[in-house]
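A short write-up of the structure that comes next.
Chain IDs A, B, C and D follow the sequence of writing; residue 1 opens each chain.
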Amino acid sequence: MSYILTTQCADDIGLIAKITGLCNQHNLNIIRNNEFVDKDAQRFFMRTELTGEPHAEFLSQLRDVLPAGAKVALHGEEKTKVVLLATKEAHCLGGMLLKQFEQALNIEILAVIANYPTLEPLVKGFNIPFHVVSHEGLTRSEHDEKVGDLIASYNPDIIGLAKYMRILSPEFVGRFEGKIINIHHSFLPAFIGAKPYHQAFERGVKIIGATAHFVNNELDEGPIILQDVSSVTHANTAEMMAKMGKDVEKTVFCKALQLASEHKLFINGNKTVVFS
Amino acid sequence: MSYILTTQCADDIGLIAKITGLCNQHNLNIIRNNEFVDKDAQRFFMRTELTGEPHAEFLSQLRDVLPAGAKVALHGEEKTKVVLLATKEAHCLGGMLLKQFEQALNIEILAVIANYPTLEPLVKGFNIPFHVVSHEGLTRSEHDEKVGDLIASYNPDIIGLAKYMRILSPEFVGRFEGKIINIHHSFLPAFIGAKPYHQAFERGVKIIGATAHFVNNELDEGPIILQDVSSVTHANTAEMMAKMGKDVEKTVFCKALQLASEHKLFINGNKTVVFS
Amino acid sequence: MSYILTTQCADDIGLIAKITGLCNQHNLNIIRNNEFVDKDAQRFFMRTELTGEPHAEFLSQLRDVLPAGAKVALHGEEKTKVVLLATKEAHCLGGMLLKQFEQALNIEILAVIANYPTLEPLVKGFNIPFHVVSHEGLTRSEHDEKVGDLIASYNPDIIGLAKYMRILSPEFVGRFEGKIINIHHSFLPAFIGAKPYHQAFERGVKIIGATAHFVNNELDEGPIILQDVSSVTHANTAEMMAKMGKDVEKTVFCKALQLASEHKLFINGNKTVVFS
Amino acid sequence: MSYILTTQCADDIGLIAKITGLCNQHNLNIIRNNEFVDKDAQRFFMRTELTGEPHAEFLSQLRDVLPAGAKVALHGEEKTKVVLLATKEAHCLGGMLLKQFEQALNIEILAVIANYPTLEPLVKGFNIPFHVVSHEGLTRSEHDEKVGDLIASYNPDIIGLAKYMRILSPEFVGRFEGKIINIHHSFLPAFIGAKPYHQAFERGVKIIGATAHFVNNELDEGPIILQDVSSVTHANTAEMMAKMGKDVEKTVFCKALQLASEHKLFINGNKTVVFS
């Protein structure tokens, strides 16, 4: 069997030796290893690909040799469970549905929830449950609670906002802390807020981009996971940029969820550690 | 109304002045213009975006002022009609189906024809006709004729080989000359032939790629339309490269069909002119 | 002989036909042509590569057929004359000196002016005049006037700010309006102002960039010419980003000056038109 | 003090635990670690950044715990010593000279040797010794021996072929085995041999590239270190491609030497392991 061990804790001398030594004692063979120490934050991150059969007490023994408060997890080969939220735009959602159909990712999309019925035909075509939770007539809190309850009923590992054009309440964000990945249609921190392609057009930039980030309670300010860009010219209108940007958004969104499913993402304060 | 005028002919003095002058006489407003002269071949290519209402005799008047043998065409806003051929792999086919759903392209996919039934659920989900024409028990010529007849019944502008894993007979290629676009899973001319990712792995390259090209009667040798690449490392196996390569193949294939639909592609001997 | 004709004027019907028609009358053969119409600003831009021998009255005849206020210029094969300003950093300056040595560009670097003597050995090694104009003991106006007089004595076509770490007075900018190209060490409009790499590190971005722009009187706000980017990871400190960024800055700065020397750059309000 | 430990040996269970455990015993703090196991070749590679003060017997103790035949090395902060070979083209050579002037790399260029005097002014401007060893009137073996003796007198860690347009004799390659890095002006394995840009133009490719590789005794067939690419269009002649390609060659060559100087490069049969 094949496993991925993730470790994060306060930094200390000899952590790698302790972790790899314990793996060795348990006859776990290390295939691949990534570590990072954030010097400023004095924080240690490690991702280890293992083969072998860990004893039941492996993780508790590991915790015993690590600093107090260490977060360790051992992931088998099971798929990462994802619920996707959408509004009316198909590209990011469709990108993920297609990737699942291609069996390109170790991800299972449990359901799609949208505040409009527009995308139902697309989702149904892939035989994935589709739920409409309209925001009409509801306060933000009421809508978020309804959507949140529906999400919770699926118990996903990750919630992907596939162009979900709603601002989330602090309660919603808190309820799924560290689990929500959004795609923003600009190269953050440029063009925060609404209509980034129009802002980009007005400024006359020569490159546009997209940013996948974890969601926290500051708009467009969560830890950045991944960014990518695309060249534009004077001949591109804001509308053309928006169209061209969709390809970048789709790519970045799918790649960010893939990184999550491969246990390569760690949140480190307002930043991320990404072992790619 | 908005039009695209495409012109190719033997090079001569004053062609642009003649063409744009005639447009002006017909009160056609030029929005955008691209020209290219192949000095070696003495060949002239031009693509012109126009607004206005051309008279019925515009094209015949245009031919009168151009060298003999000129090929001119005036395209309105109608969609480019495409038939896609596939085998078992979903990524290039799905990429196009999704783009059509997103209304990202000025393309209408008329039908999908495959030599296996594997991809039927994907295609049906998008409400596109799906035909299986098995090659079992047929000679190459017989199969190609059957597939060709089915294609011909749709009368498409372009035939897209979305990972159609069959070598085409000269008859088939001749029947649809200049209309067949293939995606090859390597950065041509490197790794011509079978299993390019395995070849790339064995050679230890650091970049892999994909190539969209028009099909002629030399295997993997048709005029190249578009290429793109992706970085790989020593840690990537041939299988991982093949997986990573699918994203590039999908992107390049969809982009090549988009260029065709925007009338930006010209075949120039064993090369292409691409106005992007 | 080979020429480049640049035209900019108010948009009108039939401009391309008029310009190319006149070229034809003068037996000027059009090798390549680029046009752009800014619909919002109702402004027309065109760059034409010609061979032949224009009559003395070609430009005045051209002005006669164009809308009032048209700016036309005919450039022969002479080199674009550049004065470079620098402070202490070698990379952008050295990039240009090396390109000139390689004869990679149609540019003649007339002189380098710096406010510190640090880079003298580099410049002397390439046999280019090097002037130190220290800002010590001078007001900004006095220093800018002294530097400006020295620049003016060389009468350059373009002034390249090769990491010239001085804020320019409005008088200086006005004196050389439309001729000053700066390299900014961030992907504008992100991280305007000081220490952009430290800002980028703090925000945890995954891509850094550089921007070449014309200088006007708003700090880091001039028309953008060119941008390029480079990937960074969680493991890169601000200092490493600054180091990695130098390669992008060098590339973008040299490319922007090359575009200017090829007469491919037009200023269009707070944007640029770049025919590449 | 800061060190880089490089290890390569036959693969075995528990190697990482053994190496990091020994570091721990010696109070060496691991800052960063990269490992790779080539499953097919059963070969283990590791690069470790350390701080601390290793005892004299650290390396011998390390060898004791590793499989027989292990190659280990401990690099302090000293510069990597490089001799560059050139012919007449300035771009790759100048790129490295400029990087050294910028203090961008932990490299000391000891000397430049060329078979023509063309580049002497460039090299002298940077105060680096320049030697001409003309091949005129010498057999390949005689010339290679003369050049080899001169190189040997400098005892460099790496020999960089900065567009050295000579085919090397097996004796020369054997004499400096594993130390010679070449830049090839194509995206290998496409366009092996002479005039790759003309080959690329004839084939009508849309992307050109450059490849840095270790030199062995098969022409253009050594282990690939790094590759990069640049887009081209139908409008680019072979000469323009050659010019555009120079930027990619320069970038790739400098980056490959940088990787060598950072002890991130390992030769693994006909491939490389590159820890970037």
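To be clear about the criterion, a residue touches a chain if its C-beta (ideal position, glycine included) is under 8 Å from a C-beta of that chain, and two chains touch if they have at least 3 such contacts.
Please read these numbers as outputs of a predicted model, since none were measured by experiment.
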item: Labels of chains that are neighbours to subunit A and to subunit D; value: B, C
item: Pair sharing more residue contacts (C-beta pairs) when B-C is set against A-C; value: A-C
item: Between subunit B and subunit C, centroid-to-centroid distance (C-alpha), Å; value: 37
item: Centroid spacing, where centroids are CA-atom means, of subunit A and subunit C in whole angstrom; value: 40
item: Residues of subunit A touching at least two other chains; value: 32, 36, 235
item: Contacting residues of subunit B [partner subunit A, same complex]; value: 32, 89-91, 94-95, 98, 101-102, 104, 121-122, 124-127, 235, 243, 246-247, 251
item: Subunit D contact footprint on subunit A (complex, rising order); value: 13-14, 16-17, 20-21, 23-24, 27, 29-33, 35-37
item: Complex contact set, residues of subunit D against subunit B; value: 36, 38, 187-191, 203-207, 209, 223-229, 233-235, 268, 270-274, 276
